[in-house]
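Below, chain A partners chain B and then partners chain C, in two separate complexes.
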Partner chain A sequence: MRWTSRVRFLFLMPAVIWVLAFTVFPLGYSLYIAFYKIEQKVEITREKVPMLDEAGEPVLSKSGKPRTKNIVHKKEISTSEFVGGFNFRRLFNDPQVWSAVKVTAIFVGAAVPMQLALGFLLALLFNQHLFGRPALRAVMILPIFATPIAVGYLFFTIFYEEGGPLGFLGIPFLSNPDWALFSVILVDVWQWTPFCFLVFLAALQGLPDELYEAARIDGASAIDMITKVLLPLLQPTIFIVLLLRLAEALKLFDIPFALTGGGPGIATQSYSFLAFRTGLRFFDLGYASAMAYGLLIAVMIIVTLFFRRLRETYG
Partner chain B sequence: MMLDLRNGTGEYDAFMVGAFWYGDIAPQGYAFEIDELIDSGDYPAWTYDDMPPSLKALHTWEGAGIGVLNDADGQVLYYRKSALENPEHQDAFKAEYGYDLPSPPATWQQLRDVARYFNGKNWDDNDAEPDSGMVLHLKVGEQGHYHFQSLSASFAVTPGDKVTQHHNVYWFDPTDMTPLINSPGHVKALEFLQDLHQTGPAAQVGWSLGEAWDYFLRGKSVFVFSWGDVGSLCQDTSRSVIQGDCAAAILPASDEYYDHETGEFVTAENPVPVGNTTGGSWHGVISNFSENPEATYSLLALMAMKDVSLWNSQHGWTGVDPGYSYQFLESQGGTASVEQYVGAGWDAGDVKTYTQAYRDTFYADTMLTYLRIPGTFEYWDILDKNLSAAMSGEKTAQQALDDTATAWEPVTDRIGRDSQLKDYQAAIGYED
Partner chain C sequence: MAEAPATEVRGRQPGKSGLGEALSSLVAIVVALIFLFPLYWAFSTSLRNPIDTFTVAGLGIPWIDFEPTLDNWISQLATPEAARALGNSTIIAVFASLLALLLGTPAAYALARFRFRIIPNRDLTVWFLSQRVLPPVATVIPFYLVMRSLGLLDTHLALILVNATFTLPFVVVILRQTFMDLPMELEESAFVDGAGYATTFFKIVLPLAAPSIAASGLIIFAFTWNEFLFALTLSSKNVITVPIHMAGGVDSRGVQFWFMAVRAMIAMIPPVLIALIAQRYIVRGLTLGAVKG
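Moving on, here comes the complex of A and B:
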């Protein structure tokens, strides 16, 4: 092989290093710590040594005393003990995990279909000739660009029950467990419906006009047009949007973090939120890794099923 | 902070810590001992003798000085004196409850009556809307569980001359680390807190400090029990309408408490309040990884000096609360004067009750023991979530505290029951 042929591997190297360093290694390491109990400690010893100038002479303070400096010696002590499937077994016996799974399932089950349905309806609307359509479309997609944490805090003020803009409704948006979860769903729908809308609109605008004309000539009503023409044609797009939203929604973290803190109680504590707290608040890293793998497996199963369905349908 | 210490990075010379972190940093040798620096006389002067014993205990570990004086945390009762001393309300209250309207309430049970009486009435002229009896900050993941700690101490701590298996204990049995958090005293206290919650806005289940304090400062509730910040924020007329009407007192006693030895409730003839150091008493601790502990200490000590410390505590936005002799009035055994506070914009009447409330709280004969063991944050987080579930009606008080106790056991086992027992005994001063 000539060097000019080999150089292509050189161009691939940054991507390969990136994937190895930031995907493969963390994945492998987190699996390792899920099976081991790792105790890490740093032993510290300190000593004071005289400060010397360039000539090797002691540096004196204003009072004439030799100045000293601190030297800190660190000795890392790390022990690891194989605990087998202990952390994975804990998953099944931890009521907080089951509650988080339930919260996440309700959230995904409610938010994602709402986003798809609303996004599709809005796309249908914007596929018509509307006055000011470009400007309205730009406004519609603005929520996508907002940081979820900022969105969480924004809605915290909107849902503020004593004097907030929606306070007059008398709805306990954040203080009632059921309403709090609904509020989280509402915020997520607000933020991600525009994404669904944008993709569906692009797909709709990619359909040839002849299809609409042919359907109209065949006497299709508006409902027929949607159910018998558009939805079947958009099915691959719907699958992809559904897949992307599912994968994202299963990782729900930012909005409950900022909006409700996971409460009241644990009414809005999602699975990722629980994993975050377990790992980075309580430093129970093995258990947090086991949780993360649980989520990874769930997402992989869903993605695999979806792709299998896609392949079966479209070859 | 913990990542820096656990990994030995040594990026930071010092940390502003809550005392509840000591269990995670002191036994591991991550904190630099400062006694020699204090004694050297080379740095800005302050001493541990300026602290009440209850606060000194939070700044030291096994006798060695670690923390530099800064903030002092403890919850006291704030109340609207004008409402409680209004003759019309006094008459109406007596007619309804059969006894004189207490100002301030001496027991939690009296306080609940007063809060119920005022709740829903428009008892002041700050606005035309009805006001509340009590406002609480109950948001999960924030400071809700501290309310429970301070309140339940009166119900769940069995007073005694010293710490024994049954006396002056609150968190765990000091002989085997069995959780006490679901004792009948704790359960009764949580039921009481659920009751008290009914005398305030329902939205407070999702409120953190800012919202609850703001509610009180806007004159919307008769009571709040919280930290020293409230007293100093009352004086900030840019956000408070109650300057001069913001009185304070040590938290009330309970007219019955649970005796852990006999397993029965005791009706107290003369209910005695229980003091607390609830919160973090946020202060500087020098990292043992620091290569410049002297310079770091010099800065922290500068902020601990009498004049700086007094100034900080007089201004609510600093977050520094009073508890040291510099901040107590001369009549309370301190060195400050009413004039110094008035010069900083305070109302003279408010100052006297405020500093007295903290004097009484930190020097109380019976104190709520402070949890300073590894995993404190995790124990508290479990408690916090269950309390929040109880306050929002998801769980009963018994269920919430039983669930807490059940979830604490594996934490103790995971960290190590024997080592936890040793640290817990050291932290609360228990001796076999």
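Moving on, here comes the complex of A and C:
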């Protein structure tokens, strides 16, 4: 169109500047503090001052000397010291970090494939004549937008071992370290399988009717239909769902926060959870920034792997 | 937006027998009930007397397994903390969504209609998109430090700015797709008729895109409503949001499942309603426009 370049930039620039200011700048700042050791200390000094009575006269002790009292001054001081790559080196020797990496890797490695596989199977199921399908599909949407923190507490009541609805199973859902991680995975699968399902269903319904007709006439078996026709055709959709789920699952924070508090011990302390605790509970801000950068790099690697496909999608 | 409305039933296997359809329907109903169960359980728990909480039999169906009561709802909604949390979350979500739409809509239009030479459009789009997959824990510490030095900790403004930032890329990517799907002829003929930039954009383009803009606004309202990490970090006493209120009650009062269930319901009802209202836009929205629903 004939819009002048000045008007074009007027449209685009506010958003670009906003993202630069509120995302790119914080990321740069975060990298900067990752090279510092930042300590928040409370400095306590005691001062002896003479005690005064109501009239402002010094109070005298029995021996006639003026009495004194202590005033405690608390001052919060934050010191920062350049430590070079120390925080990054520390990451590799920190058993908590390795534990969090392991927890996050197991979580992502188990939850994401389960969501994709289950979502695809459910999409196949719903891609046919069904009784009351619109209503059933609407029900399947509900978990996606449910407040994650509320979902975590809600499942806390469901996994409650004495008197919860699953109590009869006798499974230590939250008190056993392995089961606790499994429970976190299960909650995420509950929340995000519907997302994969909806997207795959939309993609299946977008395929031309003739395709199904032709496969039927050719006498293709259901398995052949799925593996040789549907999966290849859905590949771009599967990629985008996989990317979004991977990126989202790596952020894992709300559900362990509410469901297990990271426990028992640190059995469900995800990487984001550890970085949050290090930075904003123990205020080791420099180290926490270095930690967060580790996660950022992991996400960037994934996005880069998908980059070409993303460019094609948004071309 | 969607060529086939979500409610339309499109059959895929015309040759399938009635029995097969009945069986598939049965499986689908069971699956839907399994996914519904946790929400149902919150609802059921919220209606129980505290003494019934752990003793109800079976599926905890009101009137059959126990005598329901609204006491938990009434006592929870009557607390000033709950009212304040709802108010805070509403203010933050409304203004963050408006701000994101205000900044994002023109940018989306620019990316849909104009060609930028220095950085190609699709790279700009992917750049916006990549902000969306960024782990929030990487920006929470600098945000905390900046907000602290600006004296903005524990204010609505801090959370409005932060949430607008997170939802802005979503708006840009989704609405770009919407604008690309609009026929360009209308804008061009308006131009030929001598309409200016502002007239074309506000009188022709925006009304056509209004449903999609509204749906995007609702979806990012829900995102902001559900946000937890930044609300936890940037607020302490005054600007308690609904998710923080939800988390707070557990620590201070022990595990009172009946109240927890009410709070979970209060937190979840607005975003879940939004999901149902914006159903047609959800697939496109959550895949950032990559898959048409």
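Simple rule for what comes next: the second predicted complex is superposed on the first by the 256 of 315 C-alpha atoms of A that agree within 3 Å, B and C clash if a C-alpha of one lies under 4 Å from a C-alpha of the other, contacts with A are read in each partner's own complex, and residues count from 1 in each chain.
The definition used in the following text is that contacts are C-beta pairs under 8 Å (C-beta built on N, C-alpha and C of every residue); 3 or more make two chains touch, one makes a residue touch a chain.
Nothing here was measured: the structure is a model prediction, and the numbers come from that model.
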- request: Considering only the touch criterion stated at the top, classify A:180 as touching first (chain B), second (chain C), both, or neither.
  value: first
Task: Determine, under the contact definition given at the top, whether A:74 touches first (chain B), second (chain C), both, or neither.
output: first
Message: With both complexes superposed on chain A, which partner does A:44 reach: first (chain B), second (chain C), both or neither?
response: first
Field: Partner chain in contact with A:256 - chain B first, chain C second, else both or neither
entry: neither
Task: Pick one for A:119: touches chain B only (first), chain C only (second), both, or neither.
output: neither
Message: Is A:277 touching anything from chain B or chain C once the two structures are fitted on A? First, second, both or neither.
response: first
- line: chain A contact check, chain B vs chain C, more residues touched by chain C
Query: In the superposed arrangement, which partner chain does A:29 touch: chain B (first), chain C (second), both, or neither?
result: second
- request: Examine A:296 and indicate which partner it touches, taking first as chain B and second as chain C; both and neither are also allowed.
  value: second
- prompt: Following superposition on chain A, which residues of chain A contact chain B and also contact chain C?
  reply: 160, 162
- prompt: Hey, which residues of chain B end up touching chain A in the complex?
  reply: 2, 5-8, 10, 28-30, 139-142, 201-206, 211, 215, 288-293, 375, 377-378, 381, 385-386, 388-395, 403, 407, 414
- line: In the complex, chain A touches chain C at residues 1-3, 7-8, 10-12, 14-16, 18-19, 22-23, 25-27, 29-30, 33, 122, 125-134, 136-151, 153-158, 160, 162-165, 190, 193-195, 198-199, 202-203, 205-206, 209, 212, 216, 236-237, 240-241, 243-244, 247-248, 250-251, 253-254, 257-258, 272, 275-276, 279-280, 285, 288-289, 292-293, 295-296, 299, 302-303, 307, 310-311, 313-315
- request: Over in the complex, which chain A residues touch chain B? Could you list them?
  value: 40-44, 46, 69-72, 74, 76, 95-96, 160-162, 172, 174-177, 180, 260-267, 269, 277, 281-284
Field: chain C residues within the chain A interface of the complex
entry: 4, 6-7, 9-13, 15-16, 21-22, 24-25, 27-29, 31-32, 35-36, 38-39, 41-42, 45, 53-55, 59-60, 103-104, 106-107, 109-111, 113-114, 116, 122-126, 128-131, 133-146, 161-162, 164-165, 168-169, 172-173, 184, 187-188, 191, 197, 222, 225-226, 228-229, 233, 242-243, 246-247, 250, 255, 257, 260-261, 263-264, 267-268, 271-272, 274-276, 279, 282-283, 286-293
